[in-house]
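Look at the two complexes coming up: subunit A is in both, with subunit B in one and subunit C in the other.
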Partner chain A sequence: MDIEQLDPTPEDYAFRDEVRRFYDQNLTDEHRRAALLTTWALAEFEYGRSWQKILYARGWGAPNWPVEYGGAGWSPKQRLIWEMESQRARPPEIMRMGKNLVAPCIMTFGTDEQKAYFLPRIISGEDWWAQGYSEPGAGSDLASLQLQATSDGDDYILNGSKIWTTFAQFANRIFCLVRTAKMQKKQEGITFLLIDMDSPGIELRPIYTIAGEHEFNQVFFTDVRVPKSRRLGEENAGWSVARHLLLYEHSAGLLRMVTELRWRVRWLNELVGLEADGYGGSLRDDPDFSRRLSLLEIAVEAADFAAAQLIADAKPGAPPDATGELLNIRNRETAQALTELGAEAVGYYGAPDQRGARKVVTDVPVVGPPHVLLPMPFYLAQRANTIAGGTPEIHRNNVAKHLLGL
Partner chain B sequence: MRYTWSEEQRLLRDTVERYVIENLGFAARRDKPQTPRAAWRDMASLGLLGVAFDERYGGGGGSPLDTVLVMEAFGRGPVVEPYVSTVVLGGGVLRHAGDEALKAELIPKLIAGDTLFSFAYAEPRSRFNLANVELRAQTVGNGYELSGQKIVVYGGPEADVLFVSARTAGDTRDRDGISLFMVPADAAGVSRQDYQTMDGLTASEIAFDRVRVPAEAIVGEPGGALPTIERVIDDAIVAVCAEAVGAMSALNERCVEYCKTRVAFGQPISKFQVVQHRLVDMHVAYEQVAALTLRAALALDQDPVSRGRAVAAAKVQLGQDAVFVGKNGVQLHGAIGMTEDLDVGHFFKRITMINSLFGPVEHQLRRYRELRGHNEGAARGH
Partner chain C sequence: MDFDLSDTQKALYSSVRRFFETEAPPSRLLKIYDRDEGLDRDLWRKSADLGLAGLIVPEEHGGAGLELLDLAVVTDAMGYCAAPGPLLGHALVGMALSLGGSEEQKARWLPRLASGEVVASLAISEHGERWQPDQWTAVATAGRLTASKKNVLFAADADLFLVGLAGGGLALVEQGAPGLTVREVDGIDRTRRLGALGFVDTPCELLPEGLAVAERIRDAALVLLAADAYGGAHRSVELMTNYANERVQFGRTIGHFQGVKHQIADAAAEVEPARQLVWYAAYTFDHRPDEAPRLAALAKAHLTDRYVNTTRTMVLLHGGIGYTWEFHCQFWLKRAMFDRTFLGSPSVHRERAAAMADWQIN
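After this line comes the complex of A and B, so read on.
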């Protein structure tokens, strides 16, 4: 997407320049490096946190929120310009579960007290939220979750565990779907709770990924007391809260994904120029490699234009339809194919385990030239792209049912 | 033609497999960590280091098929010992280029597990072109002086002796003028940067700064080492293809088992047709790679063109089908397949590394096409 496609006015150009200036002046080298080193969803936590504080100080802590909660009051066009400039600048990816996921739910379903307490802490970067959805026995089939919440006076008492909780080691709060009743439909009897991570009885087990990163955790709950005042929405009505959140995640996800794809194409083009082909030229000269890269580049152009159309046609406030889900099936696969090509591009240098050198601040030297550091861990970590947020197998079922009426 | 395994070969396979599961595989390594060379000594006493070598050096008889059997079993571990670097690559240089005296001296030490070898051939600008050798060996007095750099030398940290490809004549990418040198790992001027690889093996970046070696350090024909190097690498490609075949079979077993027990949407996920078809495709993929690996092993002793085509074909198939099985092994397990806790992710990573090793699909296709041209040319009487 490009600003010229938006039918821009002089004010739009001025806004773009303002955003661009903000990025130029505030994004430090460490922020940029943190963004560059990100192999999966989020940048090294410290740099996301400090970037959120800078955004907040500028009044852009959560620009898409309603103005009453601190949003920037931008037009849809300005939001798109913001996204494009963000793509250009590449800030570190902030731990977004608070700002993007739980906050819209609190706005829709929360009590006045909950709104007044939680929202300011999220936008200021004081609170960091983890998402407690998946369980060992409930992944893509989320509604079969089992974490037990028993009513006891003004509290619930929680027993069970959540898993694949990204960055829970940095979170001071966690929102969870818990089972409060056994009913005929498994979607009923689920309740949405807002929980403090320092509650007695919560324990973390780190889970290391095949790329060597500590991103995931299992969070164990043993007789954890949560006040009922921390329930979001009605008891046993947590599934409708969760659905709201998932919709939000999907629509924001499409734009983020396309942005990411475009960046990866540029990245890969640079990469093949830096790699020798072994026959006196660069890998760019290799016809087989070039062909694969060009095919992916074209797939990304299609993804980009299709997403732009979908976003331009969307009615403000309406829930996104299944077309976005359909587009993202291919986009995730394209994203993986790009990282696969990257991993092959670096040849023998895909092999060294360089987790020590992959930190923002480190004294571990890179094995080989600098550009070989990331492609292999990037490829390995991106296998999650077709697992997290529901597998393509599940999404295909959804699209078949809801869009094609099969 | 159908190849049937002999009774001895079946016995070898069963023995190695049992040993791997009990001692060297993922679960065994996690549950009872061993001291570095203990496993190596065990492998020596079981005769595993010698299967590829002639009986007169204390080896098992030298059939490439025996190596295939051992590597398949290792693939099911997965095993992280420096077997390919020492036995297949280092041992390959000795077998194919060493003179009688050198073989008689070093092969027994290799088989006994006393001396470990490694083969340093890849360079910063060579990619997968084996003829691309910049590391120089200059004549100095009645010996040589080696200067240059080798990259991602598997088994480098463990090696006592390095075999090194070096240019004694000609330009960087000439096929002629390449020689093989034997260099003690602790020779003056050799410096190593050691590291672990993503799949749990070890490797080194090795810099040679005016390393002095005597004239006898040349192994094989001076200036004419490339055909030997190609042969050694082809042996190694077949070995890692077999390793990938083992990893694929283990992954397929894990996936069938997991899909039958993992419940989602009220039933085991193995009841979903999309999952069934995927599992069937993974088994088809296994058969394809296993078939071409065996055919390549049987072609190793044929002429270089037939051998090269068979080996390139196996590696191409691996790049498509083993990679398919690796990725889907993770996919069918979901997030748990992406963790260090489960062997599934380790099989996937090993297959991923093997795919790049010695050149992935593009490189092998180039080679396959070039050799086919060679064959057709020969048939037309050129």
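After this line comes the complex of A and C, so read on.
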């Protein structure tokens, strides 16, 4: 998308310039490099955190929130311009679980005390949240979760574990779905809790990804006390909070994802000009490769317009349309296909393990020219794109049921 | 007419598979992934005792004198196990010596290659995705070589290198030769360690028949990569099937769901019919040499592509656990990337196959 496609007014241009100036003045080289090196969900934590603090200081900590909680009160067009400029600047990806996921649920289901306590800490970047949903036996079948919360006076006592908790090693809070009762339907008897990570009895086990990165954890709870005042919504009604959050999870960052895809198409285009075809020419001379890249570029163009429409239609604080889930099925597959072409493009440069060189601050040189550093880590990391946040099979079931009425 | 393997070949497959399942199970592979210590000499010696190092070395030089099909059967079993080790390059150097070496070179090297005492490796890849004999640029003048080569299997551990030269010539260089430098590279597929070689005025020894042999070696290598890919893809289908029969969600094993079982059936339909292509490509190498180059190209292009796709599906169907370092899916996912890249991409070989078929493509 381009601002010219929005029938821009002089005020729109002025807003665009203001946003662009903000990025130019505040996004450091380290932030940019952290964004560049992000192969899966999140940038190196320190850079995401410092960027959120900069956003907050400017009053743009959570522009899409309702104004009463610190939102920027932008028009749909301004939100699109913001996204376009963000695409252009590429800030590091921050931990979204607080700002984009739990915050809208706190706004909808939280008590006044909870809103007053948690929301300011999220928008300022003081609090970082992890998401405690999946368990070893409850992945796609999330509602079968088992983490026990036993009532004890004003507290719950928690025993069990959560798994695939991204960046829990950096979070100071975690929201969890826990089992408070055994009822006929497994969706009943689930409660949503807001938990401090430093509660006694919480332990982390790091889980390294296929790319060799510490992104996930298993979080163990042993007799962990959580005050009932930290319950979001009613006891045994946590599933409705979870459903609400899942709506945001499907749509959160949809446009950001498309803009990221668009960036990757450009990046791949540059790459094929730099990669050799074995006969002294470049990969660009290979029509087979070019056609495959074109197909993906078309998919990204289409997704871009569709996502822009969703953003333009969205109201601050209102849950997103289920169409987001539909778009995400394609986008995630497109994202993976782009990484597959990237890995193919760099050929034997995909063979070295370059984890050491892929840090914001590092002395380890890249094996090969600079452009070969990322394609293979992207390929490996993006395997998660059709696992995390629900498999394509689950999303297809949801779309069939909720959107198509099958 | 018989398209099946012989009973001897089937027995060979089973014994090699059993050997690596015992000696290099996933727990051992994970140790190699956690801490790569280069060539596992104990495993190499044991596999050499099994006869693998000299499988296709002629009997008069201490080998078993078998054919490429037999080696492909072994490679299939090793692909199944994601077996670590330098056999691919080692066997090809032995083949090059058998086909193009002088009697003196054969007598000097082949018995020690066959016994596994000497580990050999192939140094053909050059900067700029140059893998094929007609792309090699290294030049040896008066027995001296100044060049660089990449993607050399177990470069730090090999004792003998066979280097590809401009025009398709082949030359032997010994580890430790003057002017030879070895740079090891941490690889993503840690079962087949790679390194780069630099030669500065390094003494080398030409194979008298190198030129005629280079393309044969390349074709044999393509067949072996295809065999490894078949073995790994076959294993991947088994692994996802097993997992789908184990993992319970929504009160039943996930293999009950059509969305899952159809993906596994698709993977099987992609992989299993390709087995005969590998066998036939290997068979033609020794029995129908006119057909062999094109079939080798087809097999490599097709199987390594199938392998990459199948491992992706395998990781997806395992969910979170499939995406972790500690779980075994990664061994095959990464091996598939190696097989696809090594000796040139599937596109390169599809194009070669099309050209050899003499189709009018421009």
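The rule we apply is simple: the second predicted complex is superposed on the first by the 391 of 406 C-alpha atoms of A that agree within 3 Å, B and C clash if a C-alpha of one lies under 4 Å from a C-alpha of the other, contacts with A are read in each partner's own complex, and residues count from 1 in each chain.
Note that a residue touches a chain if its C-beta (ideal position, glycine included) is under 8 Å from a C-beta of that chain, and two chains touch if they have at least 3 such contacts.
Remember, it's a predicted structure, so these values are computed and weren't measured experimentally.
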Joint occupancy of subunit A by subunit B and subunit C, clash or fit: clash
Which of subunit B and subunit C A:D285 touches, first, second, both or neither: neither
Which superposed partner A:E235 touches (first subunit B, second subunit C, both, neither): neither
On subunit A, the residue positions that both subunit B and subunit C contact, one per complex: 134, 137, 139-141, 144, 163-164, 207-210, 212, 216, 275-280, 286, 288-289, 343-344, 347-348, 350-353, 367, 376, 379-380, 383-384, 386-388, 391, 393, 396
Residues of subunit A that touch subunit B when the two form their complex: 134, 137, 139-141, 144, 163-164, 207-210, 212, 216, 275-280, 283, 286, 288-289, 343-344, 347-354, 365, 367-369, 376-377, 379-380, 383-384, 386-388, 391, 393, 396
Residue ranges of subunit C touching subunit A (in the complex, touch as defined): 125, 127-132, 135, 150-151, 185-190, 194, 248-251, 254, 257, 259-260, 308, 312, 315-316, 319-320, 322-326, 329-330, 333, 337-338, 340-342, 344-345, 347-348, 350
Subunit B residues touching subunit A - in the complex, by the definition given at the top: 122, 124-129, 132, 151-152, 172-173, 193, 195-199, 203, 205, 263-265, 272, 274-275, 327, 330-331, 334-335, 337-341, 345-346, 348-349, 352-353, 355-357, 360-362, 365-366
Footprint of subunit C on subunit A - complex, ascending: 134, 137-141, 144, 163-164, 207-210, 212, 216, 275-280, 286, 288-289, 336, 340, 343-344, 347-348, 350-353, 367, 376, 379-380, 383-384, 386-388, 391-393, 396-397
